[in-house]
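What follows is a short report on a single structure.
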Amino acid sequence: MSTRLDGRKKDDLRPIKIELGVVKSAAGSCYLEWGKNTVVATVHGPRPMFPKHLSNSQRAVVDYRYRMAPFSVSDRKSPVPGKRDKEISLVSGFALESVIMTEKFPNTVIDVNALILSADAGTRVAALTAASLACADAGLPMKGLVSAVAVGRANGDLIYDLTKEEEDAPDAVDTAIAITMPQKEIALLQMDGFVNKDDWKKMVSMGFSAAEKVYELQKKALLEKYPVNGDINE
Amino acid sequence: MSTRLDGRKKDDLRPIKIELGVVKSAAGSCYLEWGKNTVVATVHGPRPMFPKHLSNSQRAVVDYRYRMAPFSVSDRKSPVPGKRDKEISLVSGFALESVIMTEKFPNTVIDVNALILSADAGTRVAALTAASLACADAGLPMKGLVSAVAVGRANGDLIYDLTKEEEDAPDAVDTAIAITMPQKEIALLQMDGFVNKDDWKKMVSMGFSAAEKVYELQKKALLEKYPVNGDINE
Amino acid sequence: MSTRLDGRKKDDLRPIKIELGVVKSAAGSCYLEWGKNTVVATVHGPRPMFPKHLSNSQRAVVDYRYRMAPFSVSDRKSPVPGKRDKEISLVSGFALESVIMTEKFPNTVIDVNALILSADAGTRVAALTAASLACADAGLPMKGLVSAVAVGRANGDLIYDLTKEEEDAPDAVDTAIAITMPQKEIALLQMDGFVNKDDWKKMVSMGFSAAEKVYELQKKALLEKYPVNGDINE
Amino acid sequence: MSDILNLINAGSIKEKIKNGKREDNRGFEDFRDLEIKTSVLSSADGSAWVKLGNTEVVAGIKFAVGTPYPDSPDEGSMSLNLELTGISSPDFSTGPPQIDSLEYGRVADRAIRSAEAIDFKKLSIVAGEKVFTIFIDCIAINADGNLIDATEIAALAALKNAKIPKLDENNNIISKEYTDQKLELLNIPLSFTFEKIEGKIIVDPTEAEEFASDARFSLGLVKDTVVSCQKSKNGVFTEEEIFKMIDLSVNKYTEIVKKIEALE
Amino acid sequence: MSDILNLINAGSIKEKIKNGKREDNRGFEDFRDLEIKTSVLSSADGSAWVKLGNTEVVAGIKFAVGTPYPDSPDEGSMSLNLELTGISSPDFSTGPPQIDSLEYGRVADRAIRSAEAIDFKKLSIVAGEKVFTIFIDCIAINADGNLIDATEIAALAALKNAKIPKLDENNNIISKEYTDQKLELLNIPLSFTFEKIEGKIIVDPTEAEEFASDARFSLGLVKDTVVSCQKSKNGVFTEEEIFKMIDLSVNKYTEIVKKIEALE
Amino acid sequence: MSDILNLINAGSIKEKIKNGKREDNRGFEDFRDLEIKTSVLSSADGSAWVKLGNTEVVAGIKFAVGTPYPDSPDEGSMSLNLELTGISSPDFSTGPPQIDSLEYGRVADRAIRSAEAIDFKKLSIVAGEKVFTIFIDCIAINADGNLIDATEIAALAALKNAKIPKLDENNNIISKEYTDQKLELLNIPLSFTFEKIEGKIIVDPTEAEEFASDARFSLGLVKDTVVSCQKSKNGVFTEEEIFKMIDLSVNKYTEIVKKIEALE
């Protein structure tokens, strides 16, 4: 097995550092470094939703906002969210709704914000991983966590957790995947590339194992802050 | 009497093809080809109007949207409606309100959309003619139809139904007119040009006769789809 | 004491001309010329505020709009209000709220508009001075007037009421100040420049005396139109 | 005046119109007093302040240097914009996008264009590269009806008042310096707006009359030449009514154009 | 159909699906009738009108001349835009910004890009200076479910139908004149969208089925090559379900691509 | 904290202030703990993370190459932008356009400009053609009061931390490569914001204190030189209060500027 530019093996993740409760006034928050990505996620609410005709009488709505700070990328990015930001926000919010017991808070909105302060590939999964922890930190009733990770192909290899350099390879394929844990179901799956069916299936399966690594780190961070006996998902 | 570039006489309309009920999920719809113009019009509603303070407690409001597809003209048009689109939408919506028995649906809005898919002069009258038919197809209670047509001047002649080429003549005058039928009153009248008072009066009168030709085609299309005995306006 | 480009002494204001009630349909209005500045201010309301959740249950809100006509400056200004316009509108509206007895009209909004038709430095204070008079003209219950004026430095001198030419001096400092009269408290204070603490204090004190000159003209204009016995502030 | 009061008011206005009267005792074919002042603003390249009864519109002209359109490389251009803001009516502080402002501005703009009032070729600076664009900004100060006609008059008066700016060696405008030339107007289009209330046609409506009416017609004229027209609102007109309105407008044209021709 | 009716409807759809039935009696893996017409519009450089059951999408192609991106000076570009307006559904007349329109359009756009369907190098006119941009504008005429797949088909059919415009000596497009060349498509990506209702997976959902579902998955394919995918909505899928959907899509690809390949 | 809770809270805060106490037991003239970290972000050309009590603001610097303004052909420019988004407070997720964000950002921006902190002439690359623009983007991470002062400190710390990018032969920025030069700051302006509650003046307000206050004053200083000021909210100040606030600010300046001067 060849090693990668940064010395990792195919199935190594970049170093991940998690800090919970960093933002004092938020209901829940998470600071996360993932390689050279830096993310802050906060949770506010649930609060009553205005205007009322947009609310859901059966459950809470998660209003997820993925945003990149203007200084997070090479060329300054306009602070106005673009199409990509809105699309990522939509599907990531859905992923969170799949684990939050939204039915307990009908007619409300839960504001989840994930801000990329520094970007180096894999920002959407770093943001979602952090946001899931911020929801747990906020004490929202949850069926589980969302563990998100990127898997893909670069220079002929199927690998975990691509860097920006690897994403720029001519044959690069990038798949963002989020798994509900411990249920192990797919809550988010987005991909662009050109890859045959069998390799693509392999990548999806790799996504499950990679997400478990993320999940272990998430659990560890939660247990450090909330060292209760028993299952964190209760 | 000289013939025109496309072989028509002064008081000939271009070929008009009408198809009703083409859009299955709409309350009413009309596909219309008028020379090289292609239009689809749909009607949805009436539905309760939001926000409520914009509704009218005495009657329904017709929300008419005239739009040109980006690919309907020579240079791609931005999908964002411009001033011209909004002005045409406003006065065309008024024209429809003059024949729809809006007083039967207080506090509601009737959505009428007319989309130009291909444009070759006279799009606003083609759109309004189609929209009037879509309203009838939707079974809205109506006092009559709106029959719309352009009349004008090109190369010294007062003529019916100008093409784009004729509109580009140096002395071109274009008058869009819509007549309520069978009442024969003016529901829309828009004109730009430079024409003396007497010729202008002649053009308005020509508008009435031209509109009758349109009305005959409208009636025929309705009677084909709704071959009831008696007056279509009941 | 050196004289200024336009012959004024350091503590002279430019000529001020005030006309009340010029806009017939407004509740109150004021036309004001201040040197080469021309302003019209109108007051409408109070009226119930929509949407309701933006209203204040304890008092009226003053919605102040400072705007510059596109033709009021050298290069045509876009009619869309910029950041500067919005900031000035915010703090000027606060200044008016400090003298209007807003507590008498809970849940309402008072619309105050001040339009600069011609600009030559000091437009925000000219606008606020006019707006304060328009509020009085509207018969709004007030604790006093707001008298606004600019003081500053140009070419080494601390002076009253700078012109555009003086504002362009290399050492120029411009301080906009609004004083509640007769209470003599600071309702607005905005400044940009580079001036030592002691000179700055001098400028603030100068602002009080300059504002008194403005107040005298305001009182005169009100007494001319409303020649009642007794205090105008009752 | 609030919509509610207008609604209550509309009944009495209709009643009067039926009996041949208007709220301000004008005849059906009478304009309100018209007052036009020009050169009212030191910052504009041309300006006019128009009072038509209580309705007031200020127009200001600004020249700017821009690039010509590819299909008319030796012609300048113009842009007319009407602003209806809170200054003239609390109705304009809130609510949906200002369709009225857009419609009135378009009607006024189209008349000037169709009338070929401005010789766009004379606005060319360097053919194919630099031309003048004339911005005509109109702002309603008081909105008491018939804003279309008042805007048209204000725009034309301000254009007639406009001075052409001096240019420096790079063909940029020198602020507040003007050539001796005035902007020449080839034609003076005027707008005539009618409302139909209880089957009667009136000219120069007040805001309250506009509220009581359900059909409007505006004609743009140069003498006895029609340059534009617009029927608006959900009421209808007969052919005879349309013909009557144009005849009436042609008669009124001379009276009003005199006031503009007399201006500096 | 209004949201309220959809909500009431959803219950009965779920009940049917549980019993192995769909509202229109299709099998879970059956597409609705697909009809594709091209060259339907005289103004566009390429056009297609797609009916997938009651869902209808019109796509029109327009070439424009622009400047290349600095990082790819010898490549043209494309832009796919999907409009969901009131013409196809009253739901699109009101409400918040159209996130559906944005998502569907992005999914359709990404598949064409990843598939490298268009050879952008062939769209270069003068390297580093002028390139063609292809605008693919798609408009929903009737929104009865599965707009993603219908949009993808309409876009590809219109691209296949597109003629390359002639240029004048300044490399500007000559209106309505075309070269003999057609736009060559290197690959034809198709989209396959699934919904999960009561644990069952169905293809080509109707609007009512979409309302009854809480998980959606769309795959972009070129034969047996995956070029894009998107999971949406707040439900989840198992690994097996995902694998089943890709196998099913690969099987369906040949059937549908034939209809596009057969087009002029 | 929601507005309702703030409203309830305001009463108790006022009561305490009357009795000479603050909710967190600070003296009226005491700042909260200030912590400044720089070089916190690998992607920015300069960065700082400021904690002022619970209030947190991140600032990031980005250089860009642009064209100079016509009236200052040999000078670069700067742009400071403050974002108040849902990440720092649910109040910023909804509601009307963010006038607070605009005001706070303008106050912070004006102080840097008036202080002539940056030598814009040194940002010229090719006179009249290419200059650097410095974007200072500030984002509130936690909004617990006194965002103006926290933003000003974050902006200055990030500027002090900024490295000047290398340029290629075409004078375009080479990503992530820097010259040895640091951005030189000629002056370090600081902002001092006061609130008046029950007639008392306090510095460095918390969000709850801001809610209880009806008059705010912000001063921009370089040592004992005033560079900007802004009175806000609908309360008023006496001349004496204004003088007291400036004297107090001048005293505090040295203490806080030390923390910025000590930074890398």
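Order as written gives the chain letters A, B, C, D, E and F; numbering starts at 1 within each chain.
Definition applied: a residue touches a chain if its C-beta (ideal position, glycine included) is under 8 Å from a C-beta of that chain, and two chains touch if they have at least 3 such contacts.
Since we're looking at a predicted model, the values are computed, not measured.
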item: Those chains which touch chain F and also touch chain D; value: C
item: Pair from A-F, B-E or C-F with over half of its contact pairs in common with B-D; value: C-F
item: Chain C-chain D separation of Cα centroids, rounded to whole Å; value: 31
item: Chain E-chain F separation of Cα centroids, rounded to whole Å; value: 47
item: Intercentroid distance (Cα basis), chain C paired with chain A, Å; value: 52
item: Where chain C touches two or more other chains, by residue; value: 50
item: Topology of the chain contact graph, where touching chains are joined (line, ring, star, complete, other); value: ring
item: Going from chain B towards chain D, every chain in order around the ring; value: B, D, C, F, A, E
item: Residues of chain E that touch chain A when the two form their complex; value: 95-96, 99, 102-103, 106, 110, 113-116, 217, 222, 224-239, 242-243, 246-247, 250
item: In the complex, chain D residues that touch chain C; value: 1-2, 40-45, 47, 54, 56, 58, 60-62, 64, 81, 83, 85-90, 93-94, 135, 137, 139, 141-144, 175-176, 207
item: List of chain B residues in touch with chain E within their complex; value: 23-26, 36, 38, 40, 42, 44-45, 47, 50, 63, 65, 67, 69-76, 79, 111, 113-115, 117-120
item: Complex interface listing, chain A residues touching chain E; value: 54, 83-84, 86-87, 90-91, 94-95, 97-98, 175, 180, 183-197, 200-201, 204-205, 208
